[in-house]
Structures are given as C-alpha cells and as structure tokens.
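Note that chain A is present in both complexes that follow, paired respectively with chain B and with chain C.
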Partner chain A sequence: MLVVVVALVVALFLVAPILIVVPMSFSTAISFQFPPPGYWLGYYVRYFTGTEWLEPTLNSVVIALGATGLTMALVVPASFGYVRFRFRGKSFVNLLIMAPLVVPHVVSALAYYGFLARLRLNGTHLGVIVAHGVLAVPLAFLVITATLKGFDRNLERAAMSSGAGPLATFFHVTLPVLRPGMLVGALFAFLSSFNEAVVALFIAGRGAATLPKKMYESIRLESDPVIAVVSTLLVTTVAIGVLVSVLARGRESGAA
Partner chain B sequence: MGAAYLKLTGLVKSYDGRTNAVDGIDLDVARGEFVTLLGPSGSGKTTTLMMIAGFEEPTRGSIELDGEDLGRRKPYERNIGVVFQSYALFPHMTVAKNVAFPLRMRRFPAARQASRVREILDLVELGSFADKYPRELSGGQQQRVALARGLVFNPDVLLLDEPLGALDKSLREQMQVELKRIHREVGVTMLYVTHDQTEAMTMSDRIAVFNGGALEQVAPPLEVYHRPRTRFVGEFIGDSNFFSGRRDGERPGLVLLDGIGAHRVARAAWDEIAGSTVDVLIRPERIQLAGEGDEARLPNRVSMKVGVIVNYGDSVLVIGETDGHPLRMRIAGAQPDAIREGATVTVGWGPADAHLIRRD
Partner chain C sequence: MAGGVTATAALPRAAARRRARRGAATPWLLVAPSCLVLIVLFLTPIGYVLLLSVTDPNVSLGHYVRIVTVPLYSRVMVNTFLTSLIVTGLCLVLGFPVAYVMARRRGWITTLLVTIVAMSFWTGFLVRTYAWLVILGNKGPVAAAYAALGLGSPPRLLFTSFSSTLGMTHILLPYMILALYAVMKKIDPSYLKAAASLGARPGAAFRSVFLPLSLPGVVNGCLLVFVVCLGFFVTPVLLGTPRDMMISQLINQQIEELLAWGFASAVAVVLLAATGILLTIYNRFAGLDRLWG
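Right, the complex of A and B next:
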C-alpha cells in the first residue's frame, strides 16, 4: 500500500510540471500565469493560422524524417555486421558508435557548427539532418542490435531449406520478423531529432529553424503563450509515439 | 542393407583448423530408412546434420544423395527438409502459410498448394489449426507444424535436430509414436539427431552412435544394446555393469575378471575375440538371484552386498557391490524378500548373458 502511494507521488512529481502546460495552453492570459484567469482557444488559432509557428513545425518534421532515414541507413547494416560477425576491434567499434550518446550535446553542437560551416551547410535542412542523424545512431543501434540478438537464426535456415534464396529469405522472413524492433528504432531516431534543441540552436540558423529552437527564441524574447500550445502538442505527439512503440513491442513478444 | 541413398564419406568439419568437431564420418543410409544420430552434446552429430542440410560447409569429405555430390549445392538448392528443436516457425505467418512456404518458394500452382497443405496438415492432425498463429499453439502442436513444413514438399531426406528436446516427457513419448507413424505413412528417409537413448531405441531402424566427432557403431537398436562394439556405446546406451578382464588362453570359454575370478562366457564370443584383454558387459536385467540347483543355468556367481534399492513398480533396481566392484541388478516384478538393504545375496548369470568387447 505504502509502495503504491510513494510510486504515485513520484509519478506526480515527474509528470505534473509537464502536464501543467496543458491548462496553460487554453489560458486567456497574455503571458504565463498559473492558474489561468480564463480559458479560450485563441492561442491554438494563432498557432495554426500563421507561418510563424507552422514553418518551424514543418522544418522539424522534415528534418526528423530525414534524420530517421539517415540513421536507419547507417544503423541497419551496421547492426547486422556487428551482431552476426566476429572481427578485430569489435568493442572499439561499439564504443565509436556509442560516442554521440556520451559526448555533451553542446560539444557536438560546436563541432558540427565548425564542420558544417566549411561545407556551407549551416542553416540548411541537410546540415541539421546530418547532425541529428548521427546523434540518433546510438539509440537506434541499441534497439536494433538487441532485436537482432534475440532473432533465432534457425528461422533463416528453415526458410533456406524450404527453398528460399538469400533475398527471398531476407524479405519473407528476416525483415518481417525484425520489423517491430526496426520500427521502434526508427521511432527513437525520429523523436530524438524532433526534440533536439541544443545542436539545432547552433546550426539551424534562420533557414532551417526547428520547433525547439523557435520555442527557445520565443520565450527569451517575448514569452508568447503559444509556447504552451506547442508544448501541449509536443507532449501529445511524444506520448502517442511511445504508446505505439509499446504496442509494437507487445505484438512482437506475442502478447496478442 | 540396400544401395546407399545418402552417402557420407570421410566427412570432416573443423572450425578452428586445429580440432575437428566432426572427425571422419562414413555413413550409408538407405532410401526410406530412419537413422538416429545419437551421442552426448558436442559429439558432432548436429554439425553432421547441418552439413547435410548445407548450412555448414565440410572441411573435407563428401556428401552424396542418390549418386549425386551435394557439395556444390546451396541449402535452398537441395531438396532436404529440416526440423529444429526451437521449431523455427515463422511467427508472422499462420500455420497454413508456414506450411505453404516451401511450396510458394518452389512456385507450385496456388490450387495445388492449398490442397497439399490441407493434406499434410491432416497427416499431422492439425487440420483445424490452419488459420492460427504459431504463438497460439502448444509446443507439441508447433513441432507438428514444423514437421508438416519439412515434409510438405516431398523432400528427399528429412533432417530432425532434437525435435522433441523442448517437450515434456509424456508429450515426448506421444510424439515418438507419432513420428514413427508418419515415417511409416510417408516413407521419407529420416535422419534424427538426439542425445536421448530412449528416443533412439524406440524409433530407429539403425542408430549411429557418435563420440568425439567419430562414429563408434552403426547398427539396429537391439544390436547396439546387446552387442555394443565399444565400451562407450555399452555405457551410453542402457544401464550397464562393466568388468575388465583377460581371456584365459589355456581354457576356452573362460574369462578372468579383475578381482572376481574366472567366469564362463559363450564359446562363440570367446573365439571371436582375438585379443587377450577384454571388457565384459553384463546388463543389469541379465543378473538374477541364484539358488541351489540352478548352477547349470547360472554358472557364474558372485555374492552381492545390497546397497540401495530403487522400486519402479514394474521392476526393482538393486545397486550394490561385489568385492568392491559396483554391481547393478534389475529384477522384473515385485521386490523379492531376500533383497533388503545391507543383506548379502548370491547372484548369477549365464554364459550367454555376458558380452565381450575387445580392449586395445
């Protein structure tokens, strides 16, 4: 009983500051104020009717999709190689792949800033996609190698003895069985880019400003209550994403 | 034994170039035969199976099927079915789709696929499970699906790698009978890997006993049981009493057992063994309580000190010793009055009950 109470208090402590933005997004106050003096949908209208917020939203979506594509293109072959083959320097490779996870984002951001400046990619979508794609590599790698390690290779043998060549085996058996894990890996990559602020602040510039960057600038300059709207939408999106990933894993483990 | 259908010649597999996991296997299997590869884990039986399936490449030696060398053929170009211990059913396909998969890959016409799938599912008695997913089935049912998938395309050979290993005991016995029936009905050549001697005894036409990557003996189950070619085979299969001894060159038919003295064995067996040092195997069920007047029947006698008595209901296993040698005796039926813990009884066996193995 006590355990349940403590757990609820902790959960509340963790979640409440996030959920508080939900009522604030419907607030009539011209600045942040809690509790709200009244409720309306005015700030939602403002979010959805001007390019001021919609453009960074679109930028964020485009960049997150591009980064996810890049991450998966790097991670899927790397995971197969890493899990299925033995080679010299394997643990070093693992360390290298995990590096973006341990290097402070602000350090990465500075490095990308200098690097992308030489390629003239600062302030472009491509530049942010490259940076975000690399940052998401360790997350997707962790998920996908775990899925691959749990994969029974006898499935592939069974397919081959059934008369399926290497390609047919991959597309009929390996890929469908690994799909849920791959989707979770892709989702992590997408969210990691969609939520990323520090690197975006450094390199996105005007041209490729993402939602988190726009929010940061907005709160610094004007405390626009639309931020509460954006936050609410973000929290909802992420919650849906996590829910989808949990459901996908449930299906994968055969809970259905 | 008819002409060899599947022929393994000098088969060697080495993973590291120094030690051989499979160390020179020669084995001929007739068409339609059920051969069990039996041995402890790590004895090379599964590796041999994987080479026949094409999943592992032999380091040396050849595999021929119906006179044709399989060496150049990829697994998917061989017409060989495989059943795994882990079932290896495709989790994203229904039972029917799993079973149809080999037909799909071989581009059978759709109508032919459907009727063949129904036919084979009826054979394994899973006709009503066609639209279920593997995760909705029990272990035994999943293994039947795997069996159906391995058989559906009429393979030349069906390989089974410890297929009952993951099932509990009663289900395992049920599936043994089932497998035997399916083998009889389909008539496909089967190679069956197991470390369970009971499975090997009950199902096989012949047993190939593996030890350390090599074959110790290939023979029908009863011959392997009663006439093991090596001490390893005698100890691995069934319960056993082994004595070391020497053949008495002066007195034909007599063997001197270390610490127990001279014992009479069948003359033919005595003649057959050319060497002088021998291992003598006496199965526990061949040893009996000996009494007055049956010296002719049981000329070999020792006094046995009874240690532990294990009652199975239909038989009694008596574990004891004679002059420091461990001795096991199995008596059919109920426990006789004379057998009590700590008692000393006279037991004996006939000349034909001992099996001689030459020791080099």
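Right, the complex of A and C next:
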C-alpha cells in the first residue's frame, strides 16, 4: 500500500508542473507570476492574431510533415529489406540506421550547423526538414521493423496462391495489415521533429524558426507571457491524444 | 504444437534464403536509399566535426590537450558526469515505485499512472522547462508559499545547479519509468506466488525474485537517462548557471559567443566518444536494439 502512495506522489510531481501552464495562460501578469493576479484571454488573442507565434507554429507543422515524408520514404523500403532478407553487411546497415539515435543531439546540431552552412541551407525549411528527417529514421525504423517481424507471411502466400500478383498482394494484403504500425512510425517521426529543439536552435535561423526555437528564445530573451498560451495548447493536444489512446486500449481489453 | 511452431517459423526463413540466392541485389536496393542518405547527410557532417576538431585553426591535438589540462574545461567534464549520475540516481529512485505499481496492479491506479507518464513523455522539453521557470521563479508558488508561512524570501532557486538537476530529473523520469515498466510487465506474477507458497515473506520474495528479474530494466533505464543527460542542452542552458556548466552549454558558448569552431568540435567529439563507449559496452552485453525496443 505504501508503494502505491509513493507512486501517486511521484505521479503528482510529474504532472503538476505540466498543468501549471494552464492557469498561467489566462493570467493577466506580464511576467512569470503564480498564482496569477487576475484572469483574461488577452494572450490567447495575441497568439491567434499576430504572426509572431503563428509563423513558427506553421513552420513547425510544415517541417514536421516534410521530415515525416522523408523518413517514411527511406524507412519503409529499408525495413522490408532488413526484415525479409539476409544479406552481407546487414549488421552494418543496422548500425548505420541507428547512428542518429546514438549521437547526442547537440553534436548533430553542431555538425548540421557547419554542414548546412556550406550548402547555404541554414535558415531554410529544406535544411531543417533534411536534418529532422534523418534524425527520425532510427525511431521509425524501430517501430516499423517490429511491426514487420510480427507480420504473418501466410497471408501473402494465401493471396498469391489465390492468384494475386506480387503488386496486388502488396497493396491489398501487406499494406492494409501493416498500416497501424506504419501510422505509429509516422507519428513518432512527426512528433520527434515537432518537439525537437536543439538542432532547430542551431540551424533554423530566422527563416525557418520552429515553435520550440521560438519558445527557447522567448524564455531566454524576453519572457513573453504568450509562451504560456502555446504551452497550454501543446499540453491540451498531448492530453487529448493520450486519453484517446488510453480509452481505446481500455475498451479493446474490456471487449476481449 | 512445438513441431508446428518450428515448421511455420522455418518456412519464411527458408523462403528468405531461396530469395536471397535468387536476387542478392533486392535487399540492397531496398536499404540503399537509407544508407546513402545517412552516409551523405549524417556521417559526413559528423565526420566534418571530427576533422574540424584537429584542424581548426591549425592541425594539432591542442584542443583535446586544453580540455584535459585547463581546469575550467576539465571541471565541465567532471560536472557533466556527476550531474548525469545524480539525475540518473534520482530518476531510478523516483521511477521504480511508479513502474512497479504500473506493472503489478490493475484498475484505475494503473490507468491513471499510464496516462500521466505518457502525457509527460510526449510533452515537449520546452514546455516543461518553462513550467519550472514559473515554479521556481521569484514570483512563483514556492516564493508565495515562503511568504505565506512568514519565512521571508526563499533561497535563490532558479539558475542554479539545483534547478537544472531538478528540471532534468523531471524531464527524464518518464524515460526511466517506461524502460523499467517494459521489463517489469513481463515478469510472470506466478513466480512471486511460487515464492510465497514456498514460505517467502513479501519482502523476501521481492528481493530474491522480483528485483533480480527487473534488473535488465534498471540497466536500460539508467543507461538511457545517463546518455541523454550527458548531452542535455535546453534545460541546463535555461535553468542552470554558467558557473556549473555542462558539456552542451560549453559547446553552445564556444560557438555562440566565441565562434571557436575547432574547440567546440573537440568538446563535441569528447561527448560523442563518451556516449559511444557506454553504448558499445552495452551493445556487447545486451544488443543495442533492445535499449529502445
């Protein structure tokens, strides 16, 4: 029983600081003051009516979508090649694909800063998309290879023996079965880009400033209260996503 | 049953072997785009950092000598190592009971804990760092509580190694919990029942059955937290102090303020090497794909 109490206290330590941003977003204070001296919606108005925060938000979405596209285009074929075949140099391929996960982000950030400067891609969307896309490769690879390993190939054999060609089998059997795993892989890639701060801080510049970069700068330089609004919107989005998945899983296990 | 399992497992393997003989190029065509992109757009930039660390401004190992011999810099290395150790220890102590309850219980408590851990795992570092700035700030709830209790103003909390350690612990705790939970939920409860039926008290059953079985999770979690902490950037920069710098703060300072590419690169290489050594040791014993799996 004691352990349950301890676990709940630790859980409170995890969640309370995250929830504090909600009342902060309605605060009238111009600095980081808690409890708030009064409540209004002024900073929400400021977030939604100015380009100062909306532009980084849009940048983040565009970059995360682009990075996800790049990651999936690389990872989906690689996962099939890796799981379904044996070939020489397989462990080297695995090591290469895992490399971005092993290298600390600040090292990757420094590397991309120097590299993209030579290609004149610092401060461009393309530069950040490439960096984020590459960094998400190992995450998506882990998810999608795991899904592929669990795939029952008898389904493909059944389709083939019923007269379906390889392409028809792939699009009508393989892909639909693997779709949930693919979606999870894509979601990981999207979120890893959307939440990524360090590499973006180094390479995004003014032109492609992402939301985490804008948040970092607003904390460091000006302490703009709108950051509470952004944080609240992000926390709410995450909370909805988590609750939906927890409830969906709960209903699944309840039905079974 | 056993025969059936091996037969179906052997089938795809046999098919794969047949296919491997038929077209050895197919797997390479599938993995080539990834490999090419990673070599050109990842290894090359990293290699460039390695190169810069020994060539900028001139060819020498001088930067590395400075890191080791100049007390200011060697202290950053030691400080990073110790801070990561403290954060890892705190995460383990705080995370273990949570993962234990998540793995061993059912019902609303588990649902609540899973929800909270997942929420904090997916909430960005910057949101959580910002939250700590509010909490520990001089107009924050801690200061308000001090005033309400008539204790005057609290000691300086923000921009110290305390606030940076606290922030990092808070941010990395969900990683530890998930690593522990992944291993703990696979421990068969009947082992503990067997221990009890053989006369072990709950404490003894925990120590001699559950704890040893959960050790792989402890190793995974500790390594994961320690490695991420070594290179942690955002939180130490925003919550910490330049007096107790961590490695990533040093890299940032060298680039942002001094444009000292060569030295910053050398520091980055030291960080990369430390991470690499730890993960190589781990890979020897457990296999790297298990760490994030």
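Criterion: the second predicted complex is superposed on the first by the 236 of 256 C-alpha atoms of A that agree within 3 Å, B and C clash if a C-alpha of one lies under 4 Å from a C-alpha of the other, contacts with A are read in each partner's own complex, and residues count from 1 in each chain.
The criterion applied here is as follows: contacts are C-beta pairs under 8 Å (C-beta built on N, C-alpha and C of every residue); 3 or more make two chains touch, one makes a residue touch a chain.
Values in this document were obtained by computation on a predicted structure and should not be read as measured data.
Following the overlay on chain A, a side-by-side fit with no clash is recorded for the pair chain B and chain C. Of the two partner chains placed around the shared chain by superposition, chain B is the only one that A:155 touches, whereas chain C remains out of contact.
More chain A residues lie in contact with C than with the other chain of the pair chain B and chain C.
With both structures placed on the common chain, the touch criterion links A:82 to chain C but leaves chain B unconnected.
Of the two partner chains placed by the overlay, only chain C lies in contact with A:15; chain B stays clear of it. In the superposed model, A:164 makes contact with chain B only, not with chain C.
Look at A:142: by the touch rule set out above, it reaches chain C but stays clear of chain B. In the superposed model, A:176 makes contact with chain B only, not with chain C.
When the two structures are aligned on their common chain, the gap between the nearest CA atoms of chain B and chain C comes to 5 Å.
On chain A, the surface touched by chain B in one complex and the surface touched by chain C in the other have residues 154 in common.
Across the interface of their complex, chain A is touched by residues 53-55, 74-76, 78, 80-82, 84, 86, 88-92, 101-102, 105-106, 135, 146, 149-150, 153 of chain B.
Across the complex, chain A meets chain C through its residues 3-4, 6-8, 10-11, 13-15, 17-18, 20-21, 24, 29, 31-35, 73-75, 77-78, 80-82, 84-87, 93-94, 96-115, 130, 134, 137-139, 142, 146, 153-154, 191, 194-195, 197-198, 201-202, 212, 215-216, 219-220, 227-228, 231, 234-235, 238-239, 241-243, 245-246, 250.
On chain A, the positions that touch chain B within their shared complex are 152, 154-155, 157-165, 168-169, 172-173, 176-177, 254, 256.
Taken in their complex, chain C has these residues touching chain A: 8, 11-12, 15-17, 19-20, 24, 26-31, 33-35, 37-39, 41-46, 48-49, 52, 94-95, 97-98, 100-102, 105, 109, 111-120, 122-135, 137, 139-141, 144, 170, 173-174, 227-228, 230-231, 233-234, 237-238, 247-248, 251-252, 255, 261, 264-265, 268, 271-272, 275-276, 279, 288-289, 292-293.
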